[in-house]
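First chain A sits with chain B, and in the next complex the same chain sits with chain C.
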Partner chain A sequence: MDFISTKWIIHLLLCCLFHGVGCNSVEQKIYVKLNDTVPCVRLLNATHQIGCQSSLAGDVGVIHILESEGNLEWVLSTGPSPPYMVILESTLFTRDIMMKLKNGSSRIAGVAVVKPSTNPIEDFSPHTTCPNENTGVYSESYGPTMAHCNTTVWNPKGNGLSYEEFNFPIFSLKDDNGTEFIRQCYLKHNLVVNGSAPGYPLCAMQLSSHMHAVRDTVTCMRRSDTSPFSLNPEVVCDPLGSFNVWGSTKSLNNTAKGHKENETVVIAAARLDSRAFFHGISLGAESGASGFITLLAAAGALANVTRQDHPPRTILYTFFQGETFDYIGSSRMVYDMEKDNFAIDLDNIHSLLEIGQVGLHNISGLWLHSDPVSRRNDSIDQEVKRLIDYFQSVATNLTISLGQPDVSQPLPPASFQRFLRAQSIPGVVLTDHKSHFTNRFLESMYDNAEYLNLTYPPDLSPEEQFNFDTDTARGLTEVATMVARTLYKQAGGADEQLASINADLQTVNHLLYGFLKQTNNSWFRAIVPPEHQRFLGPAPPEYYVGVTFNNTFSNLVRYVLANLTGTAVNISKENCTDQSKFTDDTESTDMYDYMWVSGVTPPNGTEPVPYCVRSTVRLARAQSPAFELQDYHSSNYSTWSESRWKYIGARIFLVAGNDLEMLTLGMGVAVLVTSLLLTYVINSKADFLFSSGREPANATY
Partner chain B sequence: MTAAVFFGCTFIAFGPAIALFLFTIARDPLRVIFLIAGAFFWLVSLLLSSLVWFISVQISDKESAPQQKGLLIFGVVLSVLLQELFRFGYYKLLKKANEGLLALSQEETMPISIRQLAYVSGLGFGFMSGAFSVVNILADSVGPGTVGIHGDSQHYFLSSAFMTMAIILLHMFWGVVFFDACEKKRWWCLVVVVASHLLVSCLTFQNPYYVGSLVPTYVIMSLMGVWAFCCAGGSLRNLKLCLTCKDKDFLLANHRPR
Partner chain C sequence: MNLERVSNEEKLGLCRKYYLGGFAFLPFLWLVNVVWFFRDAFVKPAYTEQLQIKTYVKRSGLGLAVWVAVLTTWITIYQHYRSQWGEVADYLSFTIPLGIP
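On to the complex of A and B.
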């Protein structure tokens, strides 16, 4: 019998012997664990820590559901049983209220925000007003008038909550049964009637999210003891990072790094990640997904044409991870190019086309942003103008309104800025905003499928939803077609091919469904390797960049891109997975990546038939060079790291009043003292007491 | 603040047992040994009943509520019977051991009387069963929460502690009465002990109506206490003399050596 079952038996038996039929473990009688909670965690950079944490054991407070801002008085000063655990409806989750709670934090044990099932009416962006302010291209030495968002404040709705530090835990609760239970508990025990304090027992909540790292990345990296001589290696924080995904229309030798002779490359870039105030519920539908889905669809549209009639220049698709945190992915790729650690170097780059937020283009049209500083150079200016001309000539055939913002306006926050920091490269950023962002929910949990208008009739089965044509998909297909044709032209392709380059609406539907609704769908199941199947679930992937060892999302993008641009090759599984055994294929593995994927179930079969996919798609490490250089003070590179933690959880329960506790203690002491006295007396008189005539008392007594 | 509840409950549950141990057992190594042996015998009985329980749960239908309840009652009855069986076994063993002790001892009399053995072994049983019944509750009493989120009584910890105290004392009384009955071959007394043990265990099915289980348990405990007092050689006359502080005079008058 193992330990668990023994413990279980003993537990049950005890229950049976002493607690009758209502046989629950004591813990279940006391606590209700809340599932579906999402914490806010601590992140650190070179100088600061942001986010939230609880004490080691978890913070406990009496629940108070805040109904309005005026209600704050109770928790901040008048309520008689601090500390309080404040439950906020999402409409009250504003900077104003959070700052008041932060400043009154001796009376605040924590905050729980109820996440609504539908998006709010008000704008909400917990991001800063000037995203990636210090790591973009604009600085005192490069376009000083444009540094620090002096010309355009990109995210005017940003309230900066994500970059505040709170010394109490903040959790997000899903609006479901658990939250309803909290409400019932509150109404039953804690409700303030006519300003009079409710009596004990009170309903309380415990939030546990203790963070190991403190102060800044410099400190936590120093404290992370990873020396091989340590008996107990302990890491307190991990650098943020994941993997960039890149692929090219023509295979590039990935083993021979550095400059490639006679190779010019047009980079098509998009960013993958996004973030939210709470850990791991970001979706970035508009801020990230709209861009990379468009680029994936464009890559798919270009696949056939480039295979038959490759343009003179190679198109390199890059998908950057960690861009939200000071351009982790792009800064790393540029760093690798500079250090000859990438398949090409910066001199191979002909131009760059980045797709930013394009999901809402039907509201304001699309805009081509370029860098005014580098355009002061005539040759760059010529190239940019030509690229814009290409765009406009392509757009006239499509129903897209395309414009250029004022020439003096700087680039919006984009990966392109990191390339410009290293070298003047002609390029544009395609977005749906003329000046500041039109995204109302930038880097918040509301930037989701609903915000992109991605809604499906409720009576459809998952498979029907998967194939359902949405307006969003139609719009993005147009954009993808335009991007694909422009890329082809920019790569020097022939004009007569342009009409045959069309993004597939069905593919965009599938991409939107897969990346924003649920990854578990028939297409994704077919294109991922068998061992990756377990990562497909009923939810979208995790868009927060996470720490380095977590790369599920990057891999998923890689499989999709490989499926869209690669070819199936008829080789055995052994040859496909173990590339050292490669004999059949003439092309070496330096040039291609081979992947063994699950495949689809044929109509007359029961099991999917796996096959090998050959593509140029690769992963590249997206970890900030600051960690490579161990320069944790770096002002050039991202220094963001995420604290580690042991346990994160939330539970509710009742707390007893002081009277009952003292009564229990008093009774205990009374019983102890009485029995001590009584036993002493009886023992001293035992000889006599227990001496009946029938049997003489024993000598030992 | 919930440390207060923890200590309160611990003192209530184990206060009498600790006092008895300190003043009557701790000074005599032989008694300590028999106490621990008694506790061990109770543990073995628990092991056996948990084995049976484990098997019967495996073969039962986990979905059917009446079957599970029947199983629970069966488990309680079986466990009580096993405990009493082991008490009898322990008695037999002690008888044998005592003869051995007598043979070794240079003195004429036994180093420990069978009455004392009864008391010590009963307390050993009580200690162990009390520990097993209350330790997991004590662990949760540290907090931060208290019982009641599902509408259970606030007095759960307090009543559990009092119940445990009663169980410990009852085991002690049962031990004394049981051994006495065995000595005198009064078998009906054994039946009464087993029956009252069954009754007390089944009373806990009354929970969470704690009054319904605690009050009868304490009534039974008082009755058993009186009976055990008598079995141990106590009498109303002795008690009266004791309470009026005439015991010293009485002893002197009878010239009994102290």
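On to the complex of A and C.
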């Protein structure tokens, strides 16, 4: 019995297996799936939706490779087989062409943009001309003449493409074998010769990126209501957000929140995230990475001196996430400080120093921006002047050109603006632009390592590249040294120590390689906990802030900061990971964070030796307060959310002409009708046809 | 059940049950009643119970027509205006289609 049933099961399984294989091979014969594609997805705020959307089943169109702008006419009016799937070379990915395609969208099934392997010569920024226009400090009630970038347009090259809504899918393709395959397919089947349309079959492409959320955050959050009373408990969008990273030179009790007596803090801030039209390929080398790498290097330079000779004031390093989307991280930290939900409050803050975009300082020098409105107050003005003096005195000893823009010029978009919204705090923002941004590729896919001139000789192995001295690193090391010395001085440190504060060139090399080339390198492998090793790969981390549960990048910054500022302690794994082991007040987990990291492989060993790191580095939630307050109409806080989706994919195949399709359908219908007729006739003549002398079967109940 | 094998009395009982059941907001019972007993009510040669069956079938038909009219009107209005009603429509809806307003 058993034997027989087992045999049957095996038979069944074999059948299933065979069936599966059969199906696959048919699918593979028809479709060629494209890997290495990056979609444009839908984002929503309090009033709008932006991004792209395909129909539920994916949009199919005949491939047309656009060679020039004049070629658009074929797609938009004359071509005989719409809808078209337009393949754009990156040089044609401009606002002008995209808007023409958007307006002719009944003939457009979708767009695929080929990402080039080198940066273009022309400027390209799909961001707005006035980033974070409505959530900064300048408004009708605070410096009304400076609101909405009236005084300085920060990103004049911005074409706003990232903030448009497209009702067809747009994908980015990597320029590789897949793209070459599309070209071959196009040349073989679709090429227009002397203006005459090619015959069927034609090469077509299907792009699927169906988005669940629609209209605005208010709507999608309402529809995402998963309470037990909800009739339709399906989440359709998630708030953008991640985690801020912060650490201090002196440990601050993180359990006792709110105001700390006898504590004054100098905040050193930088932004972590950036974006691009296609979120998956945002790198923000200049717009985000140059600033936070400089600050990390400065924190590393200050680690020893602050341990031996701590200045009177504490330096607090903060790395904000989600700043690109209306200051998610900084607005949340300020909100937490106001609500006594952070280790310090706003009254503890002495001053603030923010590192903005500094990667191109060799082109345009460095500039110290300050807020003209708060400087109308004398005491604030004094403090700002002193801070600028510190900067300048430090810079004279280094080969850095440092200037001040016109005093009436407002602050560029910066996290500092969110602090000013809450309270007048003296502070400056260090950037590499005097007025408008030097960055030609703000929040685009070209703001990458190449743009910072971070190039390595091709014959080097990854490990040699990792240790290779680049000019970019040398420049940023200088900047980091200047920042570190100024911070130490601003915190009240002694002048004699300044000469000993120097950012390490090798550290900057490693940071640049790790954050802009690949995270899988010997340093990162050693400083992350064993369970996080799997996040290290042959690519940079994703700089788009993403939705709340994604915090790989923030964690990576946390490990780096902990490694640069923390100390190794000689305790066992159990004691390190168990939070309750430290009963001593000065060592408790209220004061310090303990982390068990992978460690390096000793020269004579085979396995890395893990160890425990004690640091003051922590993560703090970076989710907009609007979602905390459930105020999705908020005009004070970021309301950006990202739609969910089920499937995103791209594939190409050959489509037959309409005539052939209709013929096939007609044949099918004809066969069906014939068989029905035949059955009816046979049934009605059954007595005659099958008369074997048997009684006809009785009608049953 | 084969209606041909049921006595006329039983048919009447059945027809009445379906007719009364329809009042419990079950228009489909009326639909079944109309379809099922149409021949008995209007086509077959006269028999004693036919008159009553005829009445039930007519009334069921009327009720069904009212239901169809009301539902069609409501569904048309709802589908047409759902996206404009916004919040109210979301609370009225059992399933909200994904990706469209």
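Definition applied: the second predicted complex is superposed on the first by the 629 of 701 C-alpha atoms of A that agree within 3 Å, B and C clash if a C-alpha of one lies under 4 Å from a C-alpha of the other, contacts with A are read in each partner's own complex, and residues count from 1 in each chain.
The rule we apply is simple: a contact is a pair of C-beta atoms (placed from the backbone, for glycine too) under 8 Å apart; a residue touches a chain by one contact, two chains touch by 3 or more.
What you see is a predicted model; the values in this text were computed from it and never measured.
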If we overlay the two complexes on their shared chain A, which of chain B and chain C does A:Leu689 touch? Say first, second, both or neither.
first
Output check: A:Ile400 vs chain B and chain C. Expected answer is one of first, second, both, neither. What do you get?
neither
Mind working out whether A:Ile652 is in touch with chain B, chain C, both or neither, as first, second, both or neither?
first
Go through the superposed model and pick first if A:Leu34 touches only chain B, second if only chain C, both, or neither.
neither
In the superposition, chain B vs chain C on chain A residues touched:
B
Under the stated touch criterion, which partner chain does A:Glu661 make contact with: chain B (first), chain C (second), both, or neither?
first
Touching partner for A:Ala491 - first (chain B), second (chain C), both, neither:
neither
Both partners, chain B and chain C, contact chain A at residues 699, 701
What residues on chain A touch chain B, complex-wise?
1, 5-6, 9-14, 16-23, 25-27, 29-32, 60, 185, 201, 203-204, 206, 651-656, 658, 660-669, 671-672, 674-676, 678-680, 683, 685-692, 694-695, 697-701
Over in the complex, which chain B residues touch chain A? Could you list them?
1-2, 4-5, 7-12, 15-16, 18-20, 22-24, 28, 46, 49-50, 53-54, 57, 69, 72, 75-76, 79, 109, 111-113, 115-116, 129, 132-133, 136-137, 139-140, 143-150, 152, 154, 156-158, 160-161, 163-165, 167, 201, 204-208, 213, 232-235, 238-239, 241-242, 247, 250-251, 258
State the interface residues of chain A toward chain C in the complex, per the touch definition above.
53, 56, 210-215, 219, 222-223, 231-232, 234, 236, 699, 701
Residue ranges of chain C touching chain A (in the complex, touch as defined):
1-2, 5, 86-87, 90, 93-96, 98-101
